[in-house]
Amino acid sequence: MKYPPVQYHDYLQMDKILGSQTLRSEELGKKAHDEMLFIIVHQTYELWFKQMLFELDSVLEFFSQKTVDESLMGTAVSRLERIVEIQKFINGQIDVLETMTPLDFLEFRDFLYPASGFQSFQWRCLETKLGLKMDQRLSYNQQPFYKHLKPEQQKQITEVLQQPSLFDLIEKWLERTPFVQAEDFVFWKDYQRAVENLLESDKQVVNNNTRLSPEEKKRNLDQIDASLATFHALFSEEKYLGLQEQGYFRMSAKALHAALLIQLYREQPVLQMPFRMISALIDLDENMTQWRYRHSLMVHRMLGRKIGTGGSSGHEYLKAATDQHKIFTDFFNLTTFFIPRSQIPALPNQLKQRMGYHYLMDPKT
Amino acid sequence: MKYPPVQYHDYLQMDKILGSQTLRSEELGKKAHDEMLFIIVHQTYELWFKQMLFELDSVLEFFSQKTVDESLMGTAVSRLERIVEIQKFINGQIDVLETMTPLDFLEFRDFLYPASGFQSFQWRCLETKLGLKMDQRLSYNQQPFYKHLKPEQQKQITEVLQQPSLFDLIEKWLERTPFVQAEDFVFWKDYQRAVENLLESDKQVVNNNTRLSPEEKKRNLDQIDASLATFHALFSEEKYLGLQEQGYFRMSAKALHAALLIQLYREQPVLQMPFRMISALIDLDENMTQWRYRHSLMVHRMLGRKIGTGGSSGHEYLKAATDQHKIFTDFFNLTTFFIPRSQIPALPNQLKQRMGYHYLMDPKT
Amino acid sequence: MKYPPVQYHDYLQMDKILGSQTLRSEELGKKAHDEMLFIIVHQTYELWFKQMLFELDSVLEFFSQKTVDESLMGTAVSRLERIVEIQKFINGQIDVLETMTPLDFLEFRDFLYPASGFQSFQWRCLETKLGLKMDQRLSYNQQPFYKHLKPEQQKQITEVLQQPSLFDLIEKWLERTPFVQAEDFVFWKDYQRAVENLLESDKQVVNNNTRLSPEEKKRNLDQIDASLATFHALFSEEKYLGLQEQGYFRMSAKALHAALLIQLYREQPVLQMPFRMISALIDLDENMTQWRYRHSLMVHRMLGRKIGTGGSSGHEYLKAATDQHKIFTDFFNLTTFFIPRSQIPALPNQLKQRMGYHYLMDPKT
Amino acid sequence: MKYPPVQYHDYLQMDKILGSQTLRSEELGKKAHDEMLFIIVHQTYELWFKQMLFELDSVLEFFSQKTVDESLMGTAVSRLERIVEIQKFINGQIDVLETMTPLDFLEFRDFLYPASGFQSFQWRCLETKLGLKMDQRLSYNQQPFYKHLKPEQQKQITEVLQQPSLFDLIEKWLERTPFVQAEDFVFWKDYQRAVENLLESDKQVVNNNTRLSPEEKKRNLDQIDASLATFHALFSEEKYLGLQEQGYFRMSAKALHAALLIQLYREQPVLQMPFRMISALIDLDENMTQWRYRHSLMVHRMLGRKIGTGGSSGHEYLKAATDQHKIFTDFFNLTTFFIPRSQIPALPNQLKQRMGYHYLMDPKT
């Protein structure tokens, strides 16, 4: 009424969308029925990648601000959760693709050479914008990954590589968390003390256990000492830097301490959305990983395994990349540093209040 | 090597596919973030509809032949099963769409007027090609369903309405089943006798049951008689035609008898693929139904319910259409006529042999 | 080490769990292979119902308090979301059950008489605890639903019927929402004005539209008036009570106004978790509905449809119950009363601050 | 009526099933809410493992016969497909388990020591019955895998290890395939010739390609020679045995040739069910693999990664086992030996007829 009317078909540009499937096997004179499925599977993947990038870009924009407005946190989390929902969905798309048998694929496979999923520009953008670094990538055929892309795409991706990734922005955002250190509370000091008490009491249990042989006692005590050393690494600047260099951590200690605080005190109102943010990032990373893994299985099923050729097969490359291309591994590893809730140091009352809503505040304070 | 090389991006016509999302809200000066999701959800749906139609068309072609070559049965079943797999997959897409809240939808909803899913040409083709008849359709706004389509599409759909549907072709194919009547075996006669014996013995159990009061006895016996009448309807030409007229059956008696035979003797080699064909059609129909139902729930969630307006809401229309638009209902209802396997009449040996493979055949016969 | 060691098998009470499948067909001398699947499908359903009830009970406890501690909101929402995740999961279980064909079911169906899913005590508890009222239930065989349960279960369920349901507690919690009315802000007054302005400007557009015929103009204006009447119903106590009596609304006006406020201003920090709470309840209700619907389809597939018997079939009962047994329908219908975000009245600054975190507060205020 | 009545609750042994959840955290005085989820997730897994074993056992029985009756093929395939459906379903159960956060797990984790999924007797049976061999298993803590089981279970599993596995029985069944060699047709001879022709013509294309540099030519020709060598390995007894020793193949050459024949001529009526059998085994294996992989991701998420301890973490063990524990790898690798359908040697007419149904047979033959 208020706006010029629009038809479903035109609004969705159906002529273009439904007119973009040209069977190469047909063009080359040997029509292969299943090529249509192959094309449509990849086109829908790419449409979903576009959507994921669209959401990701908007979140990147939010987090590029000096401070993230609290009223945007709900939206930011929802958009990441939407990406997660899309991932869950498209991870199931392989079930559809696998209705194509290897023999059916063989009918048109040669016509597609050298096109390959490695040439998906949007997937590369997605990985890069999430935070996959150049030097973290598994090399493939001794060339930087973007050499498989079209020239203009190569230019674009090198620009994307310069921009701050979601990993970078989340790290900065975590480093700004205001509650890690307050007047009378230095989170990691209290936490370190709690850990030491916990492990000390574990040692006493071992020492008082008359059923254990001296060897067993020693083994148990050594184990506790190893745990203690692990925890110290998190809190000692020097040791942390060492572990970072060895590739055990990627994120800064400051950011990781904040992430730990958010995990441990997630029920505080002000930490509820940050907690969901971190959870969404873990989900997102896990789903990327699953996507790669399922694709490596599918490639094995479709193409088998060459005997005795020099180069690694697509299936093996994908399998190797599966874990190595994880981005927020620090958040997975962080759970190593959790202690049972009953041992977590209590927050000072004043700090707790600062973490609550204004309307809950005692007006006398 | 043998063929001109092709790049992923060009092969998949990415420029067209990824260049077909124009946010109308942006064009009209009020960019709404979630419109992108709305467009991509519908575009991927339509791509999958294209794939479903592509598979369906190939199956229609197979079944349009005078006789269906047995070596095509495996392919035909696999293609229907692929459609089923696609349906299962896209039924989950609503989970993604529902990450858009009603308030977010409202930001661009007015800009889309009067575009609507009712205008999906491919969905209408799909329903029609499967066998949804004009007069079976729930009317919407007192107009034939195709009035919402574009003029050229209206022409096309009326042509599709003239062509034999999958329902029609399956009916014909079933009617040609060679084993329903053989020299010394008329399936439905034997089956009728088996049913009568079964129900007769049920009656005796009731009559001999001393714990039952006369009223209970009567009620039980009446129930058995009702069952018997039901079975007779299937085998009496006259009664069958009557039930067909009332809309209880759509398929011919001859075809339905064959479907019953296939279901009951599905373990015979020659019936294994026909059994899978019928199962796939039941799955396919059930998934169409679920798709409609989930969409009716989603529409309720997105648009709510008007109070006191004359017209039915989209949500209520969809809900009503959900069941009424089922196509292979006969196959669902057919189970009413099954009897336990132990009571099913045995096949004569010679017939059984004819249902087996050539290589199994006793060379003396 | 600290606690007595435990073995997986004993901890999970595997002897009991895996020793609880007795094929009745085997006991009665006619072993039917598929009965095992039937039993295990139902046992796993019931285990998940136990888990859902366990989560639901904990949420009911939180909301039974006079005020719900804000630090519990995250946990409450997570537990509802867990129920939703369980529902999504078990809704897929029908795919497994449907690998049993009707003919296979028939091999043991008679042995189970009169056992039926209607006798699931936990499902009844779940519905009742969520808020399904006695008089809202579709009657089945002219008896209250609990007559199918075992005597001690009948006693228990009548007690559950007396206790406040999740619906009741959520209603009370919404009624306590502190922001619906503040010093200089009465939400529904402002909102009503915004709605009136919006519809008034729509009327002007119609009146100024020279392309419309007098009839079209009238139809459009009438439609706008109908919308206006709908909105008034929400804000006029008298009209609201009338609509409540007609069954259009179930929740109190006060609670629904708060739900509307939460939906419209969900980005305010203090409303982010309440918004997620309402979303989870909508998901939960939608999934219950889907569960019923898929079961009605499955029953149709398994049992077919009787011809000409008086009683309604299981399939038809389930289909009818599907929508009628929805609980939070008000939240679905509420979207009818949303207006585009750009038209929503802005919150006064002071109120906005009260909805934020303490740490964001300007110390001068 | 005919049988003693039974109630849902009693039939399903609900008292035992629903009475088998004892929170150890509660017994030990520190009730942890999420332990219930943990228990129920594992109990439902084990119920599904029981179902999978039940189906698998019935298939093992079919294939233990000297010849498998063709009328059992449909049932055998359906039961394997049911296992696949169960796997797909329970692979999604991790989404439910992951609603438990690591911190929540930590509240009761210590109480469970040393219970672990490694102690699942049924899972071990499943792997073993499918064909996972003792020496193929990744060792864990330098002990045979069954040392973690209870003593009576250890005895049982060593017995299972003696029995023929599904792998063994499928291998024997394939070796019996009657069509691999007929009067005037020796499949692998014809196939080898077809492969040689194909690769020879590839060589000519390379040699005639004037755009290639001598180096490129050489590389291409070397690649074709490598392909040829690969194919020869499949058909030369000696080379095959060599590859088998290196672990590239597990199945006998005879069986694998039959599998190749089934794959290439799957549209022949008599091969349609065998083709589905092989497809189901590939699906089943792929799903086992996915199950392991998702569990390794989940363990990483729950427990993190220890720094600098000697033993491998659960997460890394699971990841390593993921691929190594695959059973029907030969079927995946077999696709390496496929050639495009147009190049596959045609079957002699007489053989083709023998692969068809009796009823299709030309009576004159």
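Residue numbering begins at 1 within each chain, and the chains themselves are lettered A, B, C and D in the order written.
The criterion applied here is as follows: a residue touches a chain if its C-beta (ideal position, glycine included) is under 8 Å from a C-beta of that chain, and two chains touch if they have at least 3 such contacts.
Not measured: the values here are computed from a predicted model.
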| item | value |
| --- | --- |
| Farthest chain relative to chain A (centres taken as mean CA coordinates) | B |
| Pair with more cross-chain C-beta pairs in contact, given A-C and A-D | A-D |
| Separation of chain A from chain B, taking each centre as the mean of its C-alpha atoms, in whole Å | 40 |
| Where chain A and chain D are represented by their mean Cα positions, the distance between them in whole Å | 30 |
| Chain A-chain C separation of Cα centroids, rounded to whole Å | 32 |
| Touching two or more other chains - residues of chain A | 1-2, 88, 95, 110, 266 |
| In the complex with chain A, residue positions of chain B that touch it | 1-3, 5-9, 11-14, 16-22, 24, 28, 33, 36-37, 39-40, 42-44, 46-48, 50-51, 54, 58, 78, 81-82, 85-86, 88-89, 92-93, 95-96, 99, 110-122, 150, 153 |
| For the chain A and chain D complex, residues of the former touching the latter | 30, 88, 95, 101-103, 106-107, 110, 226, 229-230, 233, 243, 248, 263-264, 266, 279, 282, 286, 289-290, 293-294, 297, 300-309, 319, 323, 332-342 |
| Touch list for chain D against partner chain B, complex | 1-2, 70-75, 178-179, 202, 205-206, 209, 220, 266-270, 272-273, 275, 353-361 |
